[in-house]
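Below: one structure in structure tokens.
For clarity, chains are labelled A, B, C and D in written order, and residue numbers in each chain start from 1.
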Amino acid sequence: MGSTYGKIFKIATFGESHGVGIGVIIEGCPAGVSFDTDFIQSELTRRKPGQSRITTQRREADEFEVLSGVFEGKTTGTPIAMVIRNEDQRSKDYSHIAAQFRPSHADYTYQAKYGVRDYRGGGRSSARETAARVAAGALAKLLLNDLGVHIQAYVSQVGAMKLEKQYTELDLTLTETNAVRCPDPEMAQKMFDYIDDVRKQGDSVGGVVNCVIKGAPVGWGEPVFDKLHAELGKAMLSINAVKGFEYGSGFEGVTMLGSQHNDAFFMDENNAVHTRSNHSGGIQGGISNGEDIYFRVAFKPVATIMQDQESVDQHGDVAVVQGKGRHDPCVVPRAVPIVEAMAALVLADFYLRNKSSKI
Amino acid sequence: MGSTYGKIFKIATFGESHGVGIGVIIEGCPAGVSFDTDFIQSELTRRKPGQSRITTQRREADEFEVLSGVFEGKTTGTPIAMVIRNEDQRSKDYSHIAAQFRPSHADYTYQAKYGVRDYRGGGRSSARETAARVAAGALAKLLLNDLGVHIQAYVSQVGAMKLEKQYTELDLTLTETNAVRCPDPEMAQKMFDYIDDVRKQGDSVGGVVNCVIKGAPVGWGEPVFDKLHAELGKAMLSINAVKGFEYGSGFEGVTMLGSQHNDAFFMDENNAVHTRSNHSGGIQGGISNGEDIYFRVAFKPVATIMQDQESVDQHGDVAVVQGKGRHDPCVVPRAVPIVEAMAALVLADFYLRNKSSKI
Amino acid sequence: MGSTYGKIFKIATFGESHGVGIGVIIEGCPAGVSFDTDFIQSELTRRKPGQSRITTQRREADEFEVLSGVFEGKTTGTPIAMVIRNEDQRSKDYSHIAAQFRPSHADYTYQAKYGVRDYRGGGRSSARETAARVAAGALAKLLLNDLGVHIQAYVSQVGAMKLEKQYTELDLTLTETNAVRCPDPEMAQKMFDYIDDVRKQGDSVGGVVNCVIKGAPVGWGEPVFDKLHAELGKAMLSINAVKGFEYGSGFEGVTMLGSQHNDAFFMDENNAVHTRSNHSGGIQGGISNGEDIYFRVAFKPVATIMQDQESVDQHGDVAVVQGKGRHDPCVVPRAVPIVEAMAALVLADFYLRNKSSKI
Amino acid sequence: MGSTYGKIFKIATFGESHGVGIGVIIEGCPAGVSFDTDFIQSELTRRKPGQSRITTQRREADEFEVLSGVFEGKTTGTPIAMVIRNEDQRSKDYSHIAAQFRPSHADYTYQAKYGVRDYRGGGRSSARETAARVAAGALAKLLLNDLGVHIQAYVSQVGAMKLEKQYTELDLTLTETNAVRCPDPEMAQKMFDYIDDVRKQGDSVGGVVNCVIKGAPVGWGEPVFDKLHAELGKAMLSINAVKGFEYGSGFEGVTMLGSQHNDAFFMDENNAVHTRSNHSGGIQGGISNGEDIYFRVAFKPVATIMQDQESVDQHGDVAVVQGKGRHDPCVVPRAVPIVEAMAALVLADFYLRNKSSKI
């Protein structure tokens, strides 16, 4: 019972990898948002498989249908249902692992928890579910655009290859110019080649996605538990294969002294409060402070590899999981729109929640 | 409106640093849990100020009173309210900063969000609120103890001083033998001296708390959003001064190949499924798999330092925030019981949520 | 943002009367429930229009499609999405009232609240939405059947024609033998003729649906706010056209003395606690006590009538709403399965919530 | 786990009849509401026992203490905790019924559900809990006052004595002039004498409380489940001893034809939309339409009577519950402020929820 997210701008996703389809209901989206179908489709296309030879070759058009909540091009304040039908359901690919527990997948834990599972392609635990998040997140982005809030994610690390520059030193408009979604073209090429090598070896590798949010006003976030960064963290950690989250100075900030880390306040030329540095990552006391919000998300190497692996099956027998099927050798290029979508969902919710702060 | 946590085992905290008191209501605790008052008090004592010269000298007995929900030593299934009255309310210490925004504190964001704030000692944004969490978490621990689940946190890093050993190589029973709460006595002494130096300079420094959970059964966690590690992450990130969270292989895991990272399954001598390695950190697909659960939490240097700092005030005027008051030079020693408490709250909730997995 | 119901067994409905379709996501249904497609379809058929000449002649097959959450005939513990596509979308029937506010409909309040509305057939406010509830409620019934809990509703009043007998004096198996769904065949015929007369006059009339729940164990209900009867009341009042709810002795109970009203306890032959009378309606202190649960639901005359009515339009001009379209002259016959469905959803949720009462 | 109410303006109550005290946390109250301590106390005084000889003689000052969330006379947007300590804890009065199940009380159901209960004075199931609701409701009233929304409840029936006049024909300012809280002084005297007779017989009797809300703007209520009247119904049904709820035309409306029941729209002199009649009770499609909101709440005779009653005890043995202790012979006079408080909590929540209706 964990397939809903949000307090006011709420989503409920459904669907399995090889079932009829996946989808989402968005409840709590205010009336009057322009529903830009093309934009939503373009976001789904950024996530869909088969974009280049370093992503899975599974074929899905990932076209969505709107079932409700939109009338004459506007949201109506009622629930918006979107469905993406599964097309490429090669279930036979998976029949040989019906009883097997693939290492570092969710097969074993789902079986133990529920006593039954749709084993085809990981069923509910498949990252295919994130398409529903991207569709919902695209609508959240449309809402945020009207408020002047923009979200941009990019790949900053693949394996040990790490972009050492901060986001402020990069031209983020270059992110979408290459298959890796790294805004440094030279590094992007190296990363591409490396991922392609890993793919040829039938292996996989991890990576890091960075995200920057510009234009968020002061006041979003609801302490003491629903701090802005705590919800961003939960949202990111809920994405398949994520192992870590840090914002602002993050894990490196622990080595600093307070006198180095503190962000001094000053009044800018427009008489607005700003900070000289931004180790806080745009969030203080769990509430946005008007500076850029930025964070990093760690993705492990995907569990599906083209190599035989030791395992057991549902009956407790030793099994060899054979390397078969289609997979992403590195998840981060396709994770970029997912990270943005989840960030958008978090922010849209806090925008609405903040409406009740004052009488 | 973010002062509640949990879906079934739910807590709602209240209280300000220099108000009448702080406290918590726990709703959803099952009836029949032995309410061990001494244990709960001992957990509060682990968190309370004034434990050594490297923690704040503020004096609080942190004694709690139970107002409801307990009868003849057992929980009754009704809400349990606990209150800790504030004793050492030296509000005059803070009057000089009534209108000032202390750098990297929540003064500015609270003022902007709510239009009014209790400026005394940070008001609601003070880490004093975590005493309420520790009280509630202690009750969650009592519930988990009955299920054979044990939680142990410890300090693994202070500034750049980092314990390189894994938890499996440490004797965690030594954690409480020193003021730093580091299970390596030699490193603990070095950390202590370093924190003391930082304190003398009127500065502060960050650190890392690790946490290990043993005995959690297979099946806890509710995908796709309320994954076990996603809720642990949110819970940890909701603690004051936390900047990052990683579990299992974490950020380092991104550099590994799938063939290295995957945890092979095998049957142990008791015919139970186990994994040969545990890069998954005891969680697969967002659900506990029966292995040890472990994670790391990054704390920034605390914002209060004994040095003058540039800032502005509520009127938009330049201000110098003077270094005054009592503070912790490093938050991690006192954060250890808080991390444990939040982990216990997350687990108790998932234990109850999991009761509905199967018919 | 009120289109979800339930705490653990949760539903989220979507869809408009003349949009693409309506549907529901059920989250929190335990794994392992046999998903009886025929039964669910039969429940939808009990609610669908066009059953007799005293129900609306709108034609809808009301066939549903399952998109997720079911595998090999069993629920899997993941969200179950069901969609019912709209077929008979004669939107032109409604174009003449696009800007008009139909008396005692939701046109005016939706327009004022959201600033935009799908005016076709009432859009989201149409009772067509209840088909999604019936589909979800049918699944809840399947779960409850396994627990030995059975729900039976029937029509007890149409206009001033009132069945004076209690449910204990009636043969409820006769309910489905007539178009009115009244278990007294003689009264049913009178009611049928009366509704048909009202229909011929282009008018409508109200009625009462009674409901009896047998087999609910002791312990369902969560005081102090989520009392069993409080949730039943909310669930019933959320159905279109409902104006009142009473359970047990209800409004008549106010005239009794405590000495008459109190239900004396005794031990039955199986050493189970029972009550000699049941003015409590099977619920004491908000928790089921093992006796039959029974309640009554008042439905107003439906607002759509075949007569011209005074009104205003969106522009503030006087308008005459013309009697057109297809409607139910009396809603109670088709409301019977809806009342049962909502009762089933309430009970399924409390069954799951009660799992956490004791350690 | 049902001791919380509300989605944004949320309350969590705690406390037992004979424990340390009862209280409430209010979360989600906007910052900036003037916290009028005297008003809140006066509302508690309206509810407290011992007001006249027709209410229980139990003595409680019902003075409250604020623990948090208020600073310099204003709410701060943080949780507001209020505690009312129990004074008159004559627990010995109840020791003789420790193992007995009092007829039509919650003793049996609590024991069965939780396996343990605080038997003193009904413990958590005591109506004493409603004092916490009144305190929270008083704050909600303060918020609503600023919005021009006023709530007025009154006694309309005691036993068979029923005020036949509608609220529009009564002078509601007379409600508080008599101990019964009936705005018709003559009827009030008759009701008083009747209740006093019932009291002398050691018996109890039921009654009805009516409530009118004036000034609520168009737009409050969140269909399809959280309709304004559905939440009002749930809130009222959650009050101890309530057996029924109806709004607008209620149960009598079922006998009307649609042509009689429909409320025609017209534009008033201020160019505002209004209805000529108000059978809708100020709510259409679950959303307030700007007319007066009115409803009725049925209370059964209180279960405690001064007569011996047949029962059983926890061990399954036959028991005679003896008539002892102090009780209200009729609950409705003291229920008036409780009904108002719950209505205020419902409305405050919908005021805040409605802020998200449009972009």
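In the analysis below, a residue touches a chain if its C-beta (ideal position, glycine included) is under 8 Å from a C-beta of that chain, and two chains touch if they have at least 3 such contacts.
Predicted, not measured: the structure shown is a model, and the values here were computed from it.
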Revision key, fill the gap. Touching chain B and chain D alike are A, C
Practice item. Determine, using the mean of C-alpha atoms as each chain's centre, which chain is farthest from chain D. Key: A
Point to revise | Interface with more contacting C-beta pairs, comparing C-D to B-C | key: C-D
Check your understanding: What whole-Å value do you get for the distance between chain C and chain D if each is reduced to the mean of its CA atoms?
Key -> 26
Exercise for review: Calculate how many whole Å lie between the centre of chain B and the centre of chain C, each centre taken as the average of the chain's C-alpha atoms.
Suggested key: 46
Check your understanding: Residue numbers in chain D touching 2 or more other chains?
Key -> 1, 3-4, 8, 13, 28, 31-32, 77, 113-115, 124, 356-358
Practice item. Note which residues of chain B are touching chain D in the complex, please. Key: 1, 3-4, 8, 10, 12-16, 19-23, 25, 27-28, 31-32, 65-69, 71-72, 74, 76-81, 83, 113-118, 123-124
Review point. Of all residues in chain B, which touch chain C in the complex?
Key: 8, 28, 30-33, 77, 143, 146, 352, 355-359
Check your understanding: Contact residues on chain A for chain B in the complex?
Key -> 1-5, 7, 13, 101, 103-106, 108-110, 112-115, 124-125, 129, 157, 159-160, 198, 203-208, 218-219, 221-227, 229-231, 233-235, 237-238, 243-251, 253-267, 271, 273, 275-276, 279-281, 284-289, 298-305, 307, 309-312, 316, 318, 353-354, 356-358
